[in-house]
Structures are given as C-alpha cells and as structure tokens.
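Have a look at this one before I ask anything.
Chain nomenclature is as follows: A, B, C and D, assigned in order of appearance, with residue numbering initiated at 1 for each chain independently.
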Amino acid sequence: MTDLSPQLLLYIGTAAGLFAIGLYGFIVGPQTLRRILALNIIGAGIFMLMVVLAYRGLADGAADPVLQALILTGLVVAVSATAFALALLARLKQARPGQYRPEQEPGP
Amino acid sequence: MSLLLFDATLCLLLLVLALASILSRQLVHGVILYIAFGLMMALAWARLATPDLALAEAAIGAGLTGALCFSALARQQLHLPVVLSWPQRLWPAVFVLLMLGGVLAALLQLPPTASPLVDVAQAELINSGVSHPVTAVLLNFRSWDTLLELVVLLLALLGALQVAPAAKATTSWPLSLSWSRLLAPMVILLAGYLLWAGASQPGGAFQAGALLAAGAVVLRLNHQLNWLRWSNFWIRLLIVSGVSAFVLAALLAMLLTTDNTDVIWLRWPPQLAGGFILLVELFATLAIALTLTLLVVGEPAAAEQAQQNSGGEAHD
Amino acid sequence: MIDSTGQLSTLSMVLSSLLLMVGLFFFIAGSIGMLRFPDSFSRLHAVTKADSLGLGSIVAGLMFYGELWQNLLLLLIWLLVLASGSVSCQLLARFAKTQQDKT
Amino acid sequence: MMVLLLVLPLVGALLMLLWPKIAPLLTLLTATICSLAALQLLLQVSEQGSQQILLAGWPSGLAISLEANSLSCLLILLTTVLQLLVALYAFATYRRDKLGTGFWPLSSLLQLGLTSLWLSRDLFNLYVCLELLGLVAVALVSLSGDKAIKPALNYLLLSLFGSLCYLLGVAMLYGAYGVLDISALALQWQTNILSTAALLLMTLGLMLKAALWPLHGWLPAAHGAAPAPVSALLSALVVKGPLFILCLLWLQLASAPQAVAIAPLFTGCGLAALLLGGVSALRTPFAKNMVAYSTVAQLGYAMLALGLLLRFNQPLFAAALWLFVLAHALAKAACFLAIGEITATLGGKRLNTLKGASQTMPLAMFAFAVAGGSLIGLPPSGGFLAKWALLQGLWLQGDQLLWLLAIVLATLLSAAYVFRVVVLAFDRADPVAPDFAPRILPQWLALLPALAVWAMALYSEPLLRLLKQEGL
C-alpha cells in the first residue's frame, strides 16, 4: 500500500524499531544512566527516520540538505542535553551514595 | 540490489545492539553495547551517503557520549542488577507496541516525493556564499536555528559546570602521554581541514569542533592542558566567542545593508556571505571544541593543580 | 591494475578478493579468540593482533580499486588503527594488571 | 524592534558570563530596556496589525518566519515585566539567600528562550526553543544545591523525552508536507492517519513539558525545590511556553474534525487537573509544594478553556484561555515570592511554620492573600475576568449545567487550599518567631504582581477586545 522503495522501507522500519526500543528502555530502565542511553537511542531512531525522509524521490542520491541541517542541529542539541544529564547524575551519585527517602512527599 | 543484503544486516545489527543495551543485566555491558550501537549508527549514516552526519555521529555520538557515559559509570557504585518483575515489564511493553503500531501506520502513508524545499535551496545556493548545500542551510538559510543551538550548547556547559562534582584524578602512563602528544598535531591538522572543507564538501564547524574536542580530551586525561578551565578568563572568552561572533557578525551585516533593501536580521550581504560564514564557523569551531572538552572532562581538581607544575611524571 | 575499460583485470580481481578473504579470516579468528581465551591478557592479545593484521590485508585488498592518494589515505588509516590499537591494548593490560595485584 | 528583544538578553547574558561582577546590575538594565521595547512593540502592533519578518530574507518556505501578533507581544511584555520583577527580588535577597551567581545569565537566557518561542512560527525552530527552555529551567532548578538535584534530573529526563516526541511529530509532518512554517502547513493540511498521529505525538510531548494533568509528576518536586525567584519564573512563564505551542498547533493547524475529536480529552484532563491538583494541594505539608500543586490545578482551567474552544469555537473561550494564562502568571509569581520570603524569614519548609505570619510578616501575607484571591477568582481580579469570560461563553452555548457545576467545585477547592494558608497565618496564639528581622523591600516586590492582577479589572475592556479577536 505504499510506493517507497524496499530499501527505504527497511530503514523506516529500523527507525520505528529504534524508537520503540528506546521508549521501552526509557519507561522501564531501572537505572537512570540506562534511561539516558534510552533517550539517545530514541534520538538516533528519529534522526534515522529524518535521513530516510531526506532521500525520497531524489534520483541522484543527493539527500535533502535542509533535513541534514536539521538533523545536525538535533544531534548537537541531543549531545549537549545528554552531557548535562550525565553531569547531574554524577552529582546525584556523589551527593547521596546509598538510597535515601526523598524529603519532599513524592507526587501522586 | 546487492546492497539490500548489507542494509538488512546493518539494520538487524542496529536493532539487536539497541535491544541488548537496554535489556542487559549489568550496566557496564549496557554502556559498552551503546557505544557499539553509536559506531554502527555512524556506519549507517555513511551508508545513507550523508557524510556530514557520519562525521558528527562518530565524533560526538559514539566518541564523546561514550566517554561521558564511562565517566558517569566510574562514579556509579556497582550494586546488584535490579531485576524487574514480569508485570512491571508487561504494561510498558504493551504501551510501546501500541505506540509503535501507530507510528508505523502513520509512516507508511509518507509520499515518495521529496519536499519542494530541495529545489528552492538548490536555486538559492548561488548567492548563499558557500557551495556545500548543508553548510548553506546551516549558516545562511536557517542560521537562527544554529545560533540558538550554539546557545543550547553553551547552556549545557553552564549547567554542567554549576552542578558537576570535582573531576576524578586520572593516572597517566608515559606511553599514553607520548601517544597523545603524537596525536595532537594530527587532530589539529584534520580539524582545520574539516573546517576549511565545510564550505565546499561535507565538514564544518560541528565536526571540526568535535574532532578538536576529542584530541583535547585525550591530552587532558594525561594532565596536559590544565590551564583549560572555566575560571580562566581567556578560555571563557573563547567559549563565549562562538555565540558572540555570530551575533556581532549579524549586527555588522545589518549595518552593511544600508543600501535599498530594508534591514533584516541575520542576512549576510550576498557578496561577502562566504567570508562571514567562514569567520563565524572559525569561532564556532573553537567554542564547540572547548565546550565539549569541558563537558567531558570538567574542571581539574585543585589537587591536580599541584601535581601539574611538577610535570606529568609517571606514577608507578 | 585498472585497464582502460575500468574493469579490473582477472589477476587483480583474484588477488584482491583473496586478500579480502584473508582479512576476513583474521577478523573471525580474533573475535573467536576473544570469546574463547581464558584470561583477559590472552584475550587482549588475540583481539589486537588479529584485528590489526586483518585490517592490513583488507586495506591491501582495497588498494586495487582506488587511485594513488586514496590508497595513501587507506594506508594512513591502517597506521592510525595500528598505533591506537596497540596503545589502548597496553593501557587495558596495565589496568588489568593493577586490578589483579589489588585482588 | 523584534530583533532588539531577541538580541539584548543574549548579549546581556554573554557579557555577564565574561564579567560576573556586573551581572546583577546588567540583568536589571536589560530587563528594563526590554520591558520598554516590549511595551512599544505592543502599541505598534495593536495599531498597525501583526508584523511578520522572514529571517535572513530568504523565500518564505526556506527561511524561519517570526511573527509578532498582539497576543505574542502581550506575552513578551508579561515575560519582560516578570523578568524585571524577579530580578529586583533576587537583587534584594541574593546575598541573604546565597543565590548562585549562575542565576543572572540563566535568567537572561530564559528570557531569550521565551521571547523567541512567543515569536517563532516555524516548527523546528520551536523545537530548539523548547529544548533551550527545558535546559535553562533545569539549570535554574539545580541552583539550590543538593536537595534539588534529584527533581532537576527527573525534570530534565522527562523534558528531553517530551521534546523528542515533539521532534518525531515535526519529522513526520515535514516528511508528509515538506514545509516547516505553520501558516504554509495549514494551507495544505489534510486529515489522514499521518497528520493525526503527528499531532498526537506533538501533543504528548507538549503536555509532558507543560506539566498538564496526567503528565505533571515532575512539577511539584522541581518547583518546590527551586529557589523562590526561580520557581516564580518557572511557574509563571516556562510552563506556559509549551501550552502556547499546543494552542498554536490545535487552533491553526488541526482541521475541524480533528479538533472536535480531541476536545473531550482536553476538557477531561482540565477537569481532572482542577480536582486532583486541588486535592493534592490540600494534602501536601510543604508550603512551596502546595503552591506548585496549585499551578497544576490552575493549568487545568487553561486546558478546559482550550477544550471548550476547540469544541464550540466561541471567541470568548479564547479570551478566557489567555486571560487565565496572564492572571495565573502574575498571581503565581506573587504567591511564590511571598511564600519564598516567608519561609526564608521564618526558617521552615512546612506549612505550619507560617503560623502567625500575618503578625510577623503582614505585608508578605497580604500579598499571598491578594494573589490567592485572584487564583480563586474573586470579583475584581484577573482570575475573575477569565472565569467570567468562561462562564459567559458556556452560558451562551445553552444548557451546559455540568460544566458550571464542575467550575464551581473547582473554585471551592482552590478557595480551600488558599484559605488553608490564610487560617494558619491568622493563628496568632504562638506565632513562629522569625530568624532575622523581616525585610520590607522583598515583601513589597511580592505585593506588586498581586496588585497588578487586581488592577486587570480596570483595563479589562481593551484586554478582552484584544484577546477575543485574537483567537490566534
């Protein structure tokens, strides 16, 4: 029911698969570091989808430059957010090594 | 069609690596599998013939993110792997499958034609000052996005420096010391080439910055660049120069367009566009390199300062 | 190597595919070595040696297809991988040694 | 004029990073100039109609388009005025509260993120603004040391996940229509599975970032742990950014059938936010958490107004929506500054440290009571204006008895948690002694926005006219 080439379909399927795996990891991941990795996997899945979108209908294989620029911007934004999250995690681990009852009452 | 087999194996490998990284028992295995996943992603970008992204993903995605994860892992106490009971995993799995179904149903409706913007961008490429379309879009057509993104990077550094604990002291071996010294000139040469090539071929500020950062991180882990810290005014000036060069260039461009056209923000004068973009990219590269380095290695602890002035002699 | 019609002569075709196969063999040997060997030192040894050699023969095999400066770039890549492989192998070995002394 | 509003906070923040000594004064200076510029822009736009500029002058599809209609200018004016007020409060108390020096550049960058968000009409540019806003908010929350690290990290992770969902929606829309500008997209919008799925994904991401009812888990801990001026900025402004984009999407992009289909979700979530948020505000023992829960509850009003607007397409609901946003921003800033000042002076985080506060700190308590009046919706306040527009709209729609009952119940709940504090404050049997002599200036600064909310009744006619025809 779709007229995309089988190769693009394969990559679209992988992108959706990566999004799903990242989503599962983000929801379930027990350790915070694993949830940060899951976020990166979701990002990778979305960027792969955008690359595949950049490819449709171009015979000479030159991808859509606008999309490549968007992906580059998204990549740098994702890396800076991950770096900040890991810095926060490092501070959290250093601040309280063991488990501690959060002083505020947790949300409903 | 012969490449379909290669694509299939690559995609399968990506999915398996991602799944293994999420489901692995030990956290260490998760991180290592994630770094392998990052490298495979770089290969996937290369396979999809987007060299800009392959460079950026390899340097930033796999390299620096991997280094960050390992430094975070080093602080993590290796406690028992938490085992989740079956119902705890069932509901998220059902939700994820629903989302996946919805997204796939939507994606299959994508039209095969490319977006009209491609021809518009191609048409405007002549007076954009650079011949490589991606750099033209990044630094001319949608330069406001790039400026905000540089601010996001600066912001991540501000947040990380304000929060991060003191960096752990790293031991440096004479071999790694000499290797980092050998690597440094090559990295600088490559980064310069990448920056210069950005105007005509794949390359540009982000990839060059990431490469420089990788070299600086290796040097820093061997106690080499201890002057590279946020409290040093010149380093702060260089980091801030990435964004401020962009803004100053834009303001200068506004002054220069005093002829007939009305004054528009971020419009480079057509004939000088190439020069402006190169200037902005130069400062952006330096700023990105320093920012990423400080993000990965953080501030050198005071103890390291004493050891630094006695030269990085070997620790037995 | 490349004759006028851009087609590889049969001899170079055979040679390059042979080299590629040898490279592949070394990679597989390295990975099997890493999985099977008992302690970390021998695993390190297997991985570094086999992979560097494998990459070398693959680079040699690919040289039939590229022009001169592409081949030089390939050679540079191989040298870099050799150097970084051995340095990281030595670092890992040192680390494994200190771990061993500690326990 | 638009460019000045964008460039000034950015240049100010960069200068502050280089010379931290001048940061407080520079923040005050840039906030004042920006407020005047925003006022001038608002007057200009209300006369000549909305201004639109295409950045870097490229053809419409390629370039990012910034548009300043009267609503955006009003929100920018609100942002700059609140930024000025909070900067003054921080200037008066940063030595006592040992506020991190990072506060000043971060608050200017927050103003940059918000201004660029209100102006931008380009989907991917909105994504970068959202990310900028999320990172600034988390950096500001983590200013108050170790106790704020865990909520800040949780907030950051959920915020990142929200913007990734939003990005996936944008990618799908670009794939389908090949254009990123909202107005151009609205022209060629078809209702099929792809556009609906993209809209739902973006709504999920934006509801997560705007802490709308089912996905609000991170807000109470984050806003409770942040320092007082930061939580005032966060609750009043940052939470409204994603809500603005949500309205942009559903009012300009979505087609009629899609809008009517989603309306019950928004109205349901709005009501649930009002009721459950109110109940949580009643239960929590911590002062700042109570005010944060009231944010979640008050956002329910905005979502209720959006849902009704999508369903009945009555301009009064649009006016009610944006009046709620304005009134809540001012009232919440006053509440957080007042509560922050009281808890800092009386030295306690729990609500029972407020015992006898009306005696020890009368001015701050007066500010909280006045702002609480607007939260409840007592007649002459801004909150009342919004609720009145909502009720009037409902009345015009005919037999909507169920909604009137629900709104009355929600008003009672908000009255309950405001009076919970007021009752404690007037319990003068054994008042909690302040740790040090309460200072007058911060209390006056907390009172200013509360008085502004009540003054909204004076200029309500032009405000209603402006917001009614706006309808985005």
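The criterion applied here is as follows: contacts are C-beta pairs under 8 Å (C-beta built on N, C-alpha and C of every residue); 3 or more make two chains touch, one makes a residue touch a chain.
Since we're looking at a predicted model, the values are computed, not measured.
Per-pair tallies of C-beta contacts place A-B first. Set against the Cα centre of subunit A, the chain with the most distant centre is C.
Separation between the centroids of subunit A and subunit C, computed from CA atoms only, is 32 Å. Distance from the subunit A centre to the subunit D centre is 28 Å, each centre being the mean of its Cα atoms.
Centroids built from CA atoms put subunit D at 58 Å from subunit C.
For subunit B, the set of residues touching two or more other chains reads 103, 107, 109-111, 113-115, 117, 121, 141-142, 145, 149, 152, 155-156, 159, 163. Those residues of subunit A in touch with two or more other chains are numbered 19, 36, 49, 53, 56, 66-67, 70, 73, 77, 80-81, 84, 88-89, 91.
By the contact rule set out at the top, the touching chain pairs are A-B, A-D, B-C, B-D. Within the complex formed with subunit D, the residues of subunit B that make contact are 102-103, 105-107, 109-111, 113-117, 120-121, 124, 140-145, 148-149, 151-152, 155-156, 158-159, 162-163, 233, 236-237, 240, 243-244, 247, 251, 261, 264-268. Taken together, the subunit D residues at the contact with subunit B in this complex read 2-3, 6-7, 10-11, 14, 17-18, 53-59, 61-64, 100, 102, 105-106, 109, 112, 116, 124-125, 128-129, 131-132, 135-136, 138-139, 142-143, 149, 152, 168, 172, 174-179, 192-194, 196-198, 200-201. Across the complex, subunit D is touched by residues 19, 26, 32, 35-36, 39, 42-43, 46, 49-50, 53, 56, 66-67, 70, 73-74, 77, 80-81, 84-85, 88-89, 91-92, 95-96, 102-108 of subunit A. Note for the complex: subunit C touches subunit B at residues 83-84, 87, 90-91, 94. Taken in their complex, subunit B has these residues touching subunit A: 3-4, 7-8, 11, 14-15, 18-19, 21-22, 27, 30-31, 34, 37-38, 41, 44-45, 48-50, 52-53, 56-57, 60-61, 64-65, 68-69, 71-73, 75-77, 82, 84, 88-89, 92-93, 95-97, 99-100, 103-104, 107-115, 117-118, 121, 133-134, 136-138, 141-142, 145-146, 149, 152-153, 155-157, 159-160, 163-165, 204, 206, 288, 292, 295-296, 298.
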